[in-house]
Structures are given as C-alpha cells and as structure tokens.
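Below are two complexes that have subunit A in common, paired first with subunit B and then with subunit C.
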Partner chain A sequence: MNLSIFTTKKALLGGLLVVAAGLMIAGCPSQQAMIGSADAAQKTYVAPGDYDEFYTFMSGGYSGQVSVFGLPSGRLFKVIPVFSQDPESGYGYYEESKALLHTTYGFQPWDDSHHPHLSQTNGVADGRWLFINANNTPRIARIDLTTFETKEIIEIPNTGGNHGSSFVTENTEYVVGATRFSIPFEPDMDVPIDSYKENFDGALTFLKVDQETGKMNIDFQMIVPPYNYDLARAGKGKSADWYFFTTYNTEQAHTLLEINASRNDKDFVAAVNWKKAAEYVREGRAKKMSTEYYHNTYDAATSMVVSTKKNEVLVLRPEDAPGIMYFLPTPKSPHGVDVDPTGEYLVAGGKLATVIPVHSFSKMLEAIENEDFEETINGIPVLRYEATIAGEVENPGLGPLHTEFDGKGYAYTSVYISSEIVKWSLETFEVVDRIDAYYSIGHLMIPGGDTKKPYGKYMVGLTKTAKDRYLPVGPKQNHPAQLYDISGDRMQLLLDFPTIGEPHYAQAISAAKLRPNIKQIYELEDNHHPHATKSVNNARVERDGDVVRVYMATIRSNFRPDNIEGIRLGDTVYFHITNLEQEWDVVHGFAIKGGQMGEVLLAPGQTKTLKWTPTRTGIYPFYCTAFCSALHQEMQGYVRVSPRGSDVPLTFRTGNL
Partner chain B sequence: MKFLTTLSLISILLITGCGSPENDKSSAADKTPGSEFTAFELEHGIGPITEDITISTSDLEKIEKGRQIFDSKCAACHLMTERFVGPALGDVTERRSDAFIMNMILNPSDMARKHPEGLKMLAEYMTPMPFQNVTEEDARAITAYLKHLAEQP
Partner chain C sequence: MKISNRILFALAALMLIPLYFMPFWTISMKAPQFPEGIGMFIYINDVTGHNRHDISSINILNHYIGMQEIDVEAIPEIRIMPWIFAFMIASGIIGAIAGYRWILLSWLVLFIVLSIAGIIDYYLWGYEYGHNLSPDAPIKVPGMSYQPPLIGTKQLLNIKASSWPYWGSLFIVLSMLTAGFALYREKFTGAGKNDGEPAVTTLTSEVSA
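== the complex of A and B ==
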C-alpha cells in the first residue's frame, strides 16, 4: 500500500520535474509537443484552462446515470441524470422531469444503466445523440448532446432485463433491445416458473430512429427461443445489414443458472438480418400483439415531457420469415460480440472458454448459401461451427469478455478472471502483448474502437474492484478506470482514476467534433413553456380552488415575487420558476423549507416546476441554492401559510413592486 | 513535506516561466484608469460599436420591439426612476452616448472587467451586468426605447 502511494507520488514528481526542466530549456512547449514523450504524467497532463482531446461517456451501472470524463486527463465534467432521480439537479423530482421515469410499473426512481452508444453516420460517431439501456425495468434513453440532457425514454415490452442494448446500426437507422431474462409475453401471465420451456419467450426489439429528431419508435420485435440474450452489435460495411447477439443459457434453466446454464459446451451468436426483417414487416409478415409500454418524450418548445401509453407491438417469428436469423455455435456462455472495423470478423468473448472464437462474416454468408446447417431451432438454422469460424485466439487468459479495435490490425480483449488485457493480431490471431488490469476488468473502450474508424491512441479499461488502488474509503471502493497508451507496439498504463457508479461500457468522441454543437443557454425567445414567466412584469400568483400557481422569475439576485401570503393548508402549490439569465453557466436554484420534492436547478432561460403541499402553518423561507453572485446570500424570500379557511388574501410582491 | 516544497518550487518555475498575456488581464484593476483606451473608447465604451452613432426615435415599431425585449431581459434589474439591482435608466440616454449604451448591452463582461466606467459601476452595484443574448439590432431597439422614454414629458 505505502509503497504504491510512494511510487505514484514519485512518478508525479518525476513527471513535473521533466516538465519544469523542459520549460527551462525550451521555453514554453505546446500541449502537442508534450504528448508523445515517454512519460505517463506528461501524456495525461492537460494544463489548467486547456481542453481534453476526447469526451468520454461512461455508463453508471447501478447509479443509473451517465458520467462524462475528459481524456487523457480523467477529469470528471458532469454526471447526466438518466434513469435515476438526482437530488443534485432535481431531475426526477421536478414536475417536468418526472414523466420521463414513468413506466407501466409506475414511477421508477432508479435503474441500472449499462451500454451507452453514440449515434453514428457512415459507421463513425457523429456526436448527435447518446443512447443507453436500462437493464432492470427494460428501457432505452436518448441523451441530446447539444445540452447533455435526457430527452426521451422508451419502455421495451416483453423483455426482462434489457441487457443486449442500446447498440446502433452504422447510420443510426435502428437502436436495439434484447432480453437477458426470457419471460412470458403476456404482461400479467400468472404461470408456474417451471413451465419455462412452454410459456417463456425471448424478445429482440428493433427501434427505428427518426433521422431529424432522434426519436425512437419500436418498429418490430422478434420472438426467439427463451435463452438469455446478453450483448449485441450491429455489423458495419459488408455486414451493416446485420445485428449480432450473444446468447447463453441455451440450456433454458430457470434456477441456479450459475451451474445449470453452464452445461453446454457451446451457446450461440445469433445473427439477424435487420434490413430483411424490416422488409418482411413492411410486407405484413409480422403480427400485431397487444402489450403495453410507455414512450416519454421531451418537447423542446414547451420543456414538457409527453408520456404516451402504447398498446400494441408488431412481432415477427423467425419461422414466418425465413433467411433473417441464424445461430452460430460459440463456446462457452459468450458475453461480448464485437465486429472489427471492416465488418468481417465477429469476435465473441466466451466467458468460460479457453480460446477467443472469431467468426468470419463472409464464411457465414457462404455457410448460409450452402445450407451448412447442424439443425434448426424454431425455424432458426444452426450453422456448423467449423463453417463460420475464421480462427481461435489461443492463450487469451481466463475469461475473455469484450473486444475493441485500434484500426491498425489489432484487437484488444478484456479478460476478467486473469485480470488483464490481451492484444492480438487480426491477421494471425496470435496474442502479441498483454498488460495487467487493476482489478477484474469488465468492458474496455478505445475511442472509436467499435466503429469503422478507431482513433487508436488511447484505451480505457473499466474494472470491477479497486481494492488497494487508492486511499481506502471503507469496505466499498469506487470502481476504477485505467487509461492506456496504445499508440506503440506495447500497451502502456498511463492513469488510474475512480468513476461514478459502476461503468459497464463507455463511448468516446473527439472533443473537436462535439464541442461546436454544445448550447450555452436556453434562449428565452424559444421558451414556450405554458407556465413560463418571461418578463418580471408577468410574475404573479394565481389561485384556482385548492391549486395555487406561483409564476416566478429569477435573476441575479432576486426572486419575483419574493413575499407571498394567502397560501392555506390543503393547498397544492406549484412554483413555476423561470431563470431569466441569458449568460452561460449562470444557474439559479430554488428550495423551500420543508419542501418534500427537494430543490430544482435552472439553467439560463429554463422554466421548471416544483410541487409543494405545505403541512404546517407558518412562515417558510425559500432561497437560491446555487451560488450565483456577490448578493447570492440576499437571494431569498418568504411564503406565509395560514390555516384552512383563513381569510388572509392572496398577495405577492417584491420590494415595492 | 519535501514533496510539497519541491512541488511549489516547480510551480513557481512553471508560473514565472510561462506568464501569458491572459494572466495579466486580471490585474487590470491596478492600472491607471483609462490608460489603455482611446478617447473614443473612454467616452463610448468598448465593444462592437466603434463609431459615434445617433439612434432615431421615430421608428415606433422598433421602440415597441425594444420595450418587449427590455421587459423580458432587462426589467428584472433596472427601474426607470430608482436604483435597483443596476442603475436607474430613466435618464441614462442623457448621461451616456448611444454607442456607450449599446456597448454596455452587447459587451458587459469586458466593460465590467476593463473599462474604467464599467469598473466604477461594478464597485458601486456589486452585481456584474450579464450579456442577455441580444443581437446588435436588439440593442439598437432597446436604446431607442430608452431614448423614447426619456423624451416623454
């Protein structure tokens, strides 16, 4: 422990000395000149005021959110609330945001987010949207990358554990969902659990993405055998019309899966021709099935979330649509299925396998053409293993999981049990380098490493346990991320930093590509919220029966109005607050004593609503929660709450106004 | 401790080695007021308006537009007859040139950090005036509205 801290300090000191020495000799080098030196500290040092080269989006796992880090510095920029309530911003507490978390199971305050995926154009990330799945109550969310805010959440019906999600096709035609836990399709089907084989089904869900707005719609679902569908990837280039899914539990166990789902030597990679499937759907081969799911979308003009309940879905069975789905036998309980930049190789990480099997897409097409089938399951032909396999990477370590690519002919596979990353050649399928991960690595991510054009410079390992990596903070440590330099022949560890929640997967995009699109304010001219107060002259309080609406404006450093009387017990009060600031990053917050919904933060130009049902009479102070100016401490007000039936008139004011 | 000492020595090296003009801006308050500005800038402010201009008050449509923008983006801080968050604006068009008012609206952050008049106002009112995302046309309309108000009996 002590030794490792000492070493880290020494390394940092050494790095700074080199920087300082360099300065004395050469004057003031540019950031570019400093990167490329052999020293890890220099390679990750981003000077104060300078910017990182990449934005990285990490899933939050059991936090339900997405966190945004810079690379190579590892600096945390933001946590974007997605599937869980966020008291810091008020997300999931203020009225407009609550509807985003609405499902057929009621309001969901939490979920488990796993796989973020950036929208793509021509097989590379385009910086428009970030999609991410919720595993527990199956959903997919879309984050708008002009504001870094969640703008849409859609529920995925007939699914239990939406794990193999949210991967997009190479032009974001589709986003995909896949059930990890097969379940009966009828939503309230009350059957014995051991009727699994008769009553349970698997579902793969294909959501069409509107190219202008990014809005998702469930186009169709495929009913597939009741296996566990684990991960997915769309093909690219020659394989762009296909999606690939890993399956495990082809044993169809429903208890003690640890043992019962690990019996078969091989499970499957499922290959689905989504383009052909969509054509079949257009031809009417899919059947309407009644179901229910919520689609919650943010309306940019009104800042309101519209929550719509949908009642049916189109389902396609492989037996009614020949030629769209095949199984590729793959050892053993495969986890990731990753497609190389050319679209030719499908790399499956068999988490219990002793080799990394690599399937060839062209061999797969050939085997389909030759009907080289072992058997057929529910209309799905099972191809012969030898017919599709391009090679097996020997000696990959224990428990290979996920693979990314550098675009220079190499693949990098994370290996969980032996806690390492192996680099291997896509030409020879031989391991050429390996490096330790601290500790128990899950996913890894190379910026662009899942696309047609990987950047090939950095790699991030997302590991499951920190143990002694940092100063201890109790029995539970935050999960680490490790940054590696992969620009040379050997992988080099550069940096190790803690993360938020449990990042499963991550995505990264060049800052130069994303930064120009990012908004600095919400323009007041475009604020069409039905309860906006766009001029202080309109600030007011209105009563309608037991409902009181406070139309409030904020600007440095006062609330309009700031004295309100005539509220009575039994009233429901809505504070509709508009931030009239139009300057970047000037944020106001609002909280009232005893308010049960927390606080709300307002970016410049935004309107948000906090609901309040006072429970006691008296004087309630409210104040600005975000330090906004030299007179921030003066930004406060009072609400008077009187008993039921009181005749205190409803009044409001700010100063003499 | 030794680590910290070495670290601070290095920091000094880094700071003194790489003083940039950016860093000097923060000491603008120490400078003799006005020394770095032209006579025009001293009178009319710094910003996109670099010529002495006279905004007409005959365009009633523009004045109405100015009123609307003022209500939404300025009225929270400015009254006409008394000091509020910012100065009273009823007589501002008599105290300041049209170009100065527009530069203050369009470039408030530089005005408050660098310009002697802006620095004076910041010291007096303590809250820096924000840029409220208005165009040059909007600023012209707001100025026309303020001039129109001042002309009323």
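== the complex of A and C ==
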C-alpha cells in the first residue's frame, strides 16, 4: 500500500513532497528498502534523446526470442527473433530465414529460449556475439551484435531439453549444452520408459567457437549418468579450465519428479575439466557415434542460410578419461551454480535447501589430489561434501536459485519461495541485506555480475508473476523485471517494468562498448544474394516452367515492377525483393493479398524472398507494409493471375501509363 | 622579377595542388528526419557525400520535387576543372621560372576571371537544378523553386540548406593573395628594373647585388 502511494500518487502530484521521505523499512522476513520516488525517478531517468548506460538482453522464455532493453530506463528497444517465427519481421516465413529453424524434426516454428550469454574475452563481455539456448528442441543460436540478428542455429543431439546452456568459457573457446532430460541416445529407440536406468543417458555438449566468425561446432559430447542436468557455468581465472553443472534427479526417476526426484538429501555439482577433456579427445579417446543434427549458418555475402546435416559426434565417457569429471555433493536439487569473480567460489542454489552451499575451487582441487572420495559413479569420483565446502550461508530464505556478484565482495542470491533477494558477504558467508521481489524471482542479473569484472551498480530481478504490479491486463499478465540500485550498502528498488515473454536470464553490456560496432545499413555493394536486384533497371520477371521469379526493387516510394501479368494458377511465385535504400532505418515491407507466408520487412540494402502460391484467378494488390516515406500510401502494385494454360503473356512494368 | 617574388609566384601556383585532395565547397542539409545531417562536398574533380551514401539519399529526396538526379559522372565541370587547375599550376611555375612580371599579372587576372566564372557557373548550376523540375513531380508547391543558396543558408520546405566554402577555398584565396602580394612587391618596392629581362640575368643580378 505504502509503495503505491510513493510510486504513483505523489510522483504525479509533484516529487517534492517525497524527497525527504528517505528510507523506509517494512516487515519480516525481507526488509523493504525504499527510496523516495523522486530519487528513484532521477536515477532511472534518461532524458529524451539521451542514451542508456547499458544494453540488456533478456531471453524470451516461451516467446523463443531475445528482447533488448536499456538500463537504467527499462525501455524496450527491440525484440530479436531467434527460435520462433516472427510475423512482424517475416523471420521464419521468408525463404532465407526458414532454413535457420530447420531441425532433424523438420521445421520448428517455436522454441523456448532461456539463457543468453555474451561472448567474453579475458572473462569480460566483449560485445561480439550473444549465444542463447533453445530448451525444447535442443539448439544453440548465435546473434551477431553488429546487426542484432540471428546468424546461426545448431542442433544439439542426444539431448532432451537443452537447459544447462549456453554459457561460454572466459575466452569463448567453448559454449556448452547440457541435457535436462536424460534420454536414450539412439534417435528412434523404442523402449519402455521404465527401462530408464538401463537405456537412458545424459549428455554434456562442448561446442567450439571460431574466434573469427563465431561459428559453433560440436567438438565432443560427454556421456554422463542419467540425471537431470540443470544449469552450467564456466570457471574463471584459476578455475577457467573447468565447467560446472548442477544435477538433480540423481534418484533417476521418470515419473512424478516433484516427489520422486526430491528424495535425496544431496544431488551433485558436476565439475568438468574441459581443457583436459579436449586434450583426451585430440588424443583419440573419444569415440565416433552416429547421430544426426542440423547446423544452419547464415552466409553474410549471399544472405542465404546454409543448412547442413551432420551425421556423427565424438563422445567421451568419463570411464575412458580419468581425471576430467568429479561430483560435488550439494544439498537438495540445486538449480544454479555460479562462480564468483575470482573463480574460487562455486555457489549452488538448492531450490529446496535451507542454506546456500558454497564450494571452494581450491579445496576441490585439494580433495581431488587427496582422493578424498565417497564413492565412484560410472568412473566419476564423488568428492566428500565436507572436503569441498567453504561455507554455508545460513538463513537465506526459502528456495535460493541463482547468484550474481558485485565485485565488491558481495553475492546476491535470488530466492524463489520467499520472493526476495539476499545479499551476503563472500568473506563471512553471512546475509547482510535482503529485499522483496515482486513476485517469486527466478534469475537475477547484475551487469557483468557473472564475469571477472562486475559493474556493481544496478541489479535486475526477473520475476515470475506480476499479479497486482501494474494496471491489470487479464488473467495472464506479462512477467516483470525490477531494477535495483546496489551501489550502496543497502539494495534499493528503483523501477518495475513489464517484459516480453518470460525472461529466464539476462545479460548486460556497457553501451559504450557495443554502440560503436552497430551497423546502420547493409552495403548494397556487398550484397551478393543470387537473386538480388541492385538497380531499378534490373527489375524483371522470369518464368521457368511453373516457377516465376520476380526480381523486385524497392525505393522511395515505389516497387519495380509494380504491374505484373501472365501469372497462372499452379505457378509458384518467388518475390525476390531488394531494398535499394542506403539510408539508416529506411525500411520497406511487402505483402500480397492472400499470401500464405505473411509479410516481409527489408532493412536498407537487404534482399529477401517471399514465396506465394496463388489459389484463385484475379487481380491481387500488394503494398509496402512499413511507413517508409511521405508517399508510402502510393507504394503499391497489382499482380494479375490467370487460369491454368492461359496465354496472357508474362509482362511487367513500372510507370508509363 | 626579384627572386623572392618569383618564389612567391611559384608558391601561389603550388598552393593549388591541395585542391585535388580536399573539397572547396560544401552544401549541407538539415531536416527533422536527418538529425545527423546530410550533404555534399564539391571538389574540383569530384562530388561526394558527407557520408558514404548521401548523394543517393539526396537524389531520393529530390525526386519527390522533380529535381534531376545528381550524376557525378555527368557533370562536365568535374572533368574540365582539373585541367584548368593543372594549367594554372603549370603556367604559374613556368611564369616564376621565366620571371616576367607580365606573366604574373596575366596569371593573376586570369585566375580572378576564372574564379568569377566559376561562381557564376555554380550559380547557374544551382539555378538549373532548382528550377528545371519535372512536371511529373509528386510534390509541387506553387511558386516554389529549390535553388540552393550561392553562399549562406536557406529554408527549402522541410530542409535547411547551407552552402559554404570549404578548406580548399582557403588555398584558392591564399594563392590569389600570394600572387597579388608578389605583384605588389614587384610594382611598388622598386624591383621594377628587372622587368622584361630574362630569368638568368635576373638571377645573376640578384647574386651580384
């Protein structure tokens, strides 16, 4: 109640009244630190025409996309289509983009994107690429951060639910995939579900990243016990050669996991020495396994997507590669595993635990050295809990999930059930501050908070339910994000704004780092699309049997050609449209009446292809769908469709009434 | 001519070389949709955009008012001017070597005449572009022409067009002043006695003096 008075009424009536209000503390278990609305407004105000300090990339969850927001304003800049068709831009509808969504299960119109991760150099985000995982039909995508476009999608075989993904190593040597569901590896294996323990396996996938192009390639997979692999992080600094994964369902249940996967007191954090594993693979200890997956890459020169089917993968079993994988017992179905900026502490969020366990990397190495093992599972030694634990954070609230760091000696853990964020000291492992989240927080994100150099100024909480936070919009509300100021001793809530889809995780990078790289146009000169029309004089229509190709150009404010006759029922028509504009943000669109593939938008200098199969004879209007210019409404044309076998000649024109 | 004045004459000629590498005029256009501005640089041998694609952007805007397209290849001045400047540089240097005051005088007069002709030509060029509009233009504002200002700033519909000399013009002015200064020294500082004598003599007389 108080909050709504502070944030709305008085702000509207005039901020002056609340300037003196200062700090307010309310209730247990979380203490709500609030600052006056005017102070908060000042801290998040970005004047018209001014720029935000950070770009934030949020996953879209069940939207399958990535959305780009500014911090501290919370303004939405863009939604980047990644794993789902996007009728707004034509992504997944126009021919060139369709191949990006191709998988061994055919065209996938949708997916569930979870964990964006920025490429890194020396443990710091470098602004080259953004990786993100698809959970449902396991894949990883790469987004180019000069154009904010998806340029590559690779399928991950032997995986069911690529959840523990797409985290990179500190120099982006690898990006990783991890299976949430263990499944039989044989692709079409028809076995009883209750043969889980015999037939099901887990897979961790290591994809090598080409440093020049960013292209991913599956270097090898590790076959691991049939648990659920939940989240991952690469180490940094001293632990940079290692990846850490959380596991749950070490009970190996395949039904009612809610109960059956919650029985064990401890599950594991799996530590994998990826560098050593890669050496073993080079030495030939990995075996070739036949499988199938698609690798779809965008070719910048031709704007075409090359879709390649691959038929094998190298698999490494821990039994054949001693010393590369260890299990660290960790309480109660841990969700996140996060590594502090020094690389020493591994913080696990046991979603059903009453403490936050913090493992020490150096103690882990010591325990390995001393062979301080409890047991060995499939060749994977299980280290003694007491041997690796550095401390347990007491009283963290109920359901700790994810942790980020401020670089000033503090960790911030999101706590789902008690809906709060707790701040605790990496020195004393004691909670020093806590603040409410609205409501039920999943991930949190501090710009750079997962890297070696956190900015330590802002924190974003990504919450799961909005309930009464904004004007209601029906039974299903959008998911909120909350911005906190963490520059002082106490966390302070600054802003609460709705998001797109369900952001599971986010990444942020300083605008100063990214902004200079961003492209304004596609150079027409570099457009080598096989069906590009690079001058209005080249616009034409060609028939080859039942296929008609329209080589169309758009330029303010006309289509060339804009009158086409001689199309016949039974024809397949490809509109190869080139936007001849070379001016920033001058976009044209194209749609034709009754078109089955929606519309397509063209950035300056781009060529895209829309397929059309007319189903009736007659006159079909088409027009520019993006308000491009003063005479946008004049930017239109007609196609005449005649019956099969008609002798109307194929003609086209623009102008000359 | 005195050796120092001949050196000044040669310098005046050499000062025209930078014109091949830097624009001597700029036209810039501001409009609400172009916060960063667009515009053209005019060289003696080229016309370019302030940014890579500005000429094409200007042409796209201009087609709405029926202005003819700026086709750099088709501008005759762009082909002629480099030769005129080459002639001025060469004749200046030859004149300085020859050391005749009348050459300096003629060179300067020719230079001034050419400059005035250039300004008139530029005005006519602007007039032609601004007035010779296609009758099919989508946007026709009665009584409106779109001639850019010869020098200064003018509001043309939504566009504020400015036309100003650029760095190259500074060299033209400096060259003219240098040649003028050499002529002034020749005429009014008692150096006239050498007038009409061949260069070699001048050199010897300088040395013997």
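Definition applied: the second predicted complex is superposed on the first by the 621 of 657 C-alpha atoms of A that agree within 3 Å, B and C clash if a C-alpha of one lies under 4 Å from a C-alpha of the other, contacts with A are read in each partner's own complex, and residues count from 1 in each chain.
One rule holds in what follows: a contact is a pair of C-beta atoms (placed from the backbone, for glycine too) under 8 Å apart; a residue touches a chain by one contact, two chains touch by 3 or more.
Note that the structure is a prediction, hence the values are computed from the model and not measured.
Novice: Report the partner of subunit A that touches more of its residues: subunit B or subunit C.
Specialist: B
Novice: A:E581 in the overlay: touching subunit B, subunit C, both, or neither? Say first, second, both or neither.
Specialist: Both subunit B and subunit C are touched by A:E581.
Novice: Who does A:A630 touch here: subunit B (first), subunit C (second), both, or neither?
Specialist: Both partners, subunit B and subunit C.
Novice: If you stack the two complexes on chain A, which partner ends up touching A:R560: first (subunit B), second (subunit C), both, or neither?
Specialist: Touch status of A:R560: first partner only.
Novice: Taking the superposition as given, does A:K534 touch the first partner, subunit B, the second, subunit C, both, or neither?
Specialist: first
Novice: Would you mind listing the overlap between the subunit B footprint and the subunit C footprint on subunit A?
Specialist: 521, 555-557, 581-583, 630-631
Novice: Could you please specify the touching residues of subunit C with respect to subunit A in the complex?
Specialist: 52-53, 56-57, 60, 63-64, 138-139
Novice: Tell me, which parts of subunit A touch subunit B in their complex?
Specialist: For this pair, the touching residues of subunit A are 9, 13, 16-17, 19-20, 23-24, 27-28, 49, 521, 523-524, 534-537, 553, 555-558, 560, 580-583, 586, 605, 629-631, 655.
Novice: Give the list of subunit B residues in touch with subunit A in this complex.
Specialist: 3, 6-7, 10, 13-14, 17-18, 22, 71-73, 75-77, 84-85, 126-128, 130-134
Novice: If we count contacts the way the header does, which residues on subunit A are in touch with subunit C in the complex?
Specialist: 521, 555-557, 581-583, 630-631, 634
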